[in-house]
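So that we are looking at the same thing, I have put the structure below in structure tokens.
All chains are identified by letter, namely A, B, C and D, in their written order; residue positions are counted from 1 within each chain.
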Amino acid sequence: MLLEELKGVNTFIFDVDGVLTDGSILASDSGEFLRSFNIKDGYALQLAVKRGYLVCVISGGKGSAMQKRFEALSLQEIFLNVSDKVKVYETLLAKYNLNSKKVLYMGDDVPDLKIMAMVGIPTCPADAVADVKAISTYISPFDGGKTAVRDIIEKVMRIQQTWFDENAIASDSGI
Amino acid sequence: MLLEELKGVNTFIFDVDGVLTDGSILASDSGEFLRSFNIKDGYALQLAVKRGYLVCVISGGKGSAMQKRFEALSLQEIFLNVSDKVKVYETLLAKYNLNSKKVLYMGDDVPDLKIMAMVGIPTCPADAVADVKAISTYISPFDGGKTAVRDIIEKVMRIQQTWFDENAIASDSGI
Amino acid sequence: MLLEELKGVNTFIFDVDGVLTDGSILASDSGEFLRSFNIKDGYALQLAVKRGYLVCVISGGKGSAMQKRFEALSLQEIFLNVSDKVKVYETLLAKYNLNSKKVLYMGDDVPDLKIMAMVGIPTCPADAVADVKAISTYISPFDGGKTAVRDIIEKVMRIQQTWFDENAIASDSGI
Amino acid sequence: MLLEELKGVNTFIFDVDGVLTDGSILASDSGEFLRSFNIKDGYALQLAVKRGYLVCVISGGKGSAMQKRFEALSLQEIFLNVSDKVKVYETLLAKYNLNSKKVLYMGDDVPDLKIMAMVGIPTCPADAVADVKAISTYISPFDGGKTAVRDIIEKVMRIQQTWFDENAIASDSGI
């Protein structure tokens, strides 16, 4: 039962491209790849950290733009330029003594399949590939980069009654 | 009655991300966050100023790009890098001796809730979060960054018969 | 009768923002505003010039990016940073001894209304504002920046049997 | 019979603008044109190369951004700034001793028509122009830049049972 499972979540892990973005990367002649993030996702991410959840991103991509964005949101663990996501996950399990049943992951493509088989609550955006959808406990009605991340964080936090933000700051504060 | 309320509006206050933009920010490796604005919104904003309305933006975000865009449109009050929107609103109330009943605000997310409870006419784009929609007097059929701002300004100005522009300049003049 | 009118077209004039673009401008901190153009529009524009049509753009915006894009497509007349489109139109009428009945214009917003009342065939994208749609002879099924320009050029050239391109080059050649 | 034809494919050739992108190019004042690529397309492209398919791109466009993106995906043949695609195709036929029946091409506009008439399996995105659709063996349900390329590569590789990726790396590795 999904709602029961969400009640136990204490850790969020997100893929980046296609989950925190819409999967497009803008290539510049200088060799830079620019990504577009969503402010509503950002509000949920910073609030989850503030409420004590462990929030991590794991991406095969690299670049100081991603690093800066995720640091600005105070995410505890930022893994970029990763070729083996399972290895990173095992590191996280050990470092934080995580209970896999309480870990929620959101991915969208083939490279996410193995780690999704290991976590308690595998989830995906509406526009994930078929193989990812097939093993997801929850498929967000929203696409990657279009508030799929906001949707799942808000759902978990509302069930756990940690969503309400007495002193809500501007969601885009300082960016 | 909405139409009656719109007849009295003399002040517009807009959130930026998700209202004047579609909520996405494009991150570059240099640490810059680029935002995309809508030319049809811009036409309405400059015309409202020209007709004597007080037009303000309040954003938690920062950056000279926003500053330049809003200055080019001659907006009277531009508050960036704001963490407490209510405080800014109280400053505006005092400075301009505003009647809250005549103030229209458009926001899209949790950090807008408090200020929206204080203004006479709280409004939002079609893709605002549920909590914001729930307290809005008017929900635009258009999304943020997709002419939601144009929609509400034009609606107010048509009712007040200040919309017609005898000497319409190019909406994107000088940009 | 629209098809009859299109048979006589020998001049195309296009607004830029909202017609050759989707109306969004990406603001950078350096003060630059970036616009996004459509390659399928570009193919039609360069072919129209090659076939002997007079092709012009008139924009209130400015910037060397637009200038370079339109020069690469060999457009004959490029007017940027324009505040009064009617004056530019009168200059074109005189310079080329144009017959207004043979001039097709595509615009999308209030600043286009006056010039649209002067040309023989006023047209607009699907997402033009209501006032512009109301005076348009033809409303493209496509939005601005989403091949509305391609649509009208191709329609005119097919009727005049000038569309076929024996030696079609890459539509995006040299960009 | 489409499925039979796909069983024999050993070579993929892709147009860039409107196929690997959504057809928009972002113009900057420095004269650069930025293109947006899709990470899900990228995953399929690199996997096809890894499995031994010949994967080529032919574009009329130019720029080091494209060059870098396609090199990062290890594509074997990258032809940019091309005015005559047929000539490039003939070079490829000779260099690799290709059987045209086994060549799949995806294009979207008039400049692709001639080469599409020469390959065994001409295909296109959902938003290709009508003339291209008319001669395509397969029309993807996805638009250019919105996983049309992923769709056709995955379809071919699934039929040939080369799709499964035991050691899937991050689709966006190293970018």
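Operating definition for what follows: contacts are C-beta pairs under 8 Å (C-beta built on N, C-alpha and C of every residue); 3 or more make two chains touch, one makes a residue touch a chain.
Bear in mind that the values here come from a model prediction, so they are computed numbers and not experimental data.
The minimum number of touch steps linking subunit B to subunit D comes to 2. Distance between Cα centroids is largest for the pairing of subunit B with D.
Overlaying the C-alpha trace of subunit B on that of subunit C calls for a turn of 90°, given as a multiple of 5.
With each centre defined as the average position of its C-alpha atoms, the distance from subunit A to subunit D rounds to 30 Å.
Listed for subunit C are residues 26, 34, 63, each touching two or more other chains. A ring topology is adopted by the chain contact network, closed into one cycle in which each chain touches exactly two others. In this structure, the chains touch in the following pairs: A-B, A-D, B-C, C-D. Subunit B makes touch with subunit A in their complex at residues 16-18, 23-29, 31, 33-34, 59-63, 81-85, 108-111, 113-114, 129. By the touch criterion stated above, subunit A contacts subunit B in their complex at residues 26, 32, 34-40, 43, 63-66, 68-69, 145, 147, 165, 168-175.
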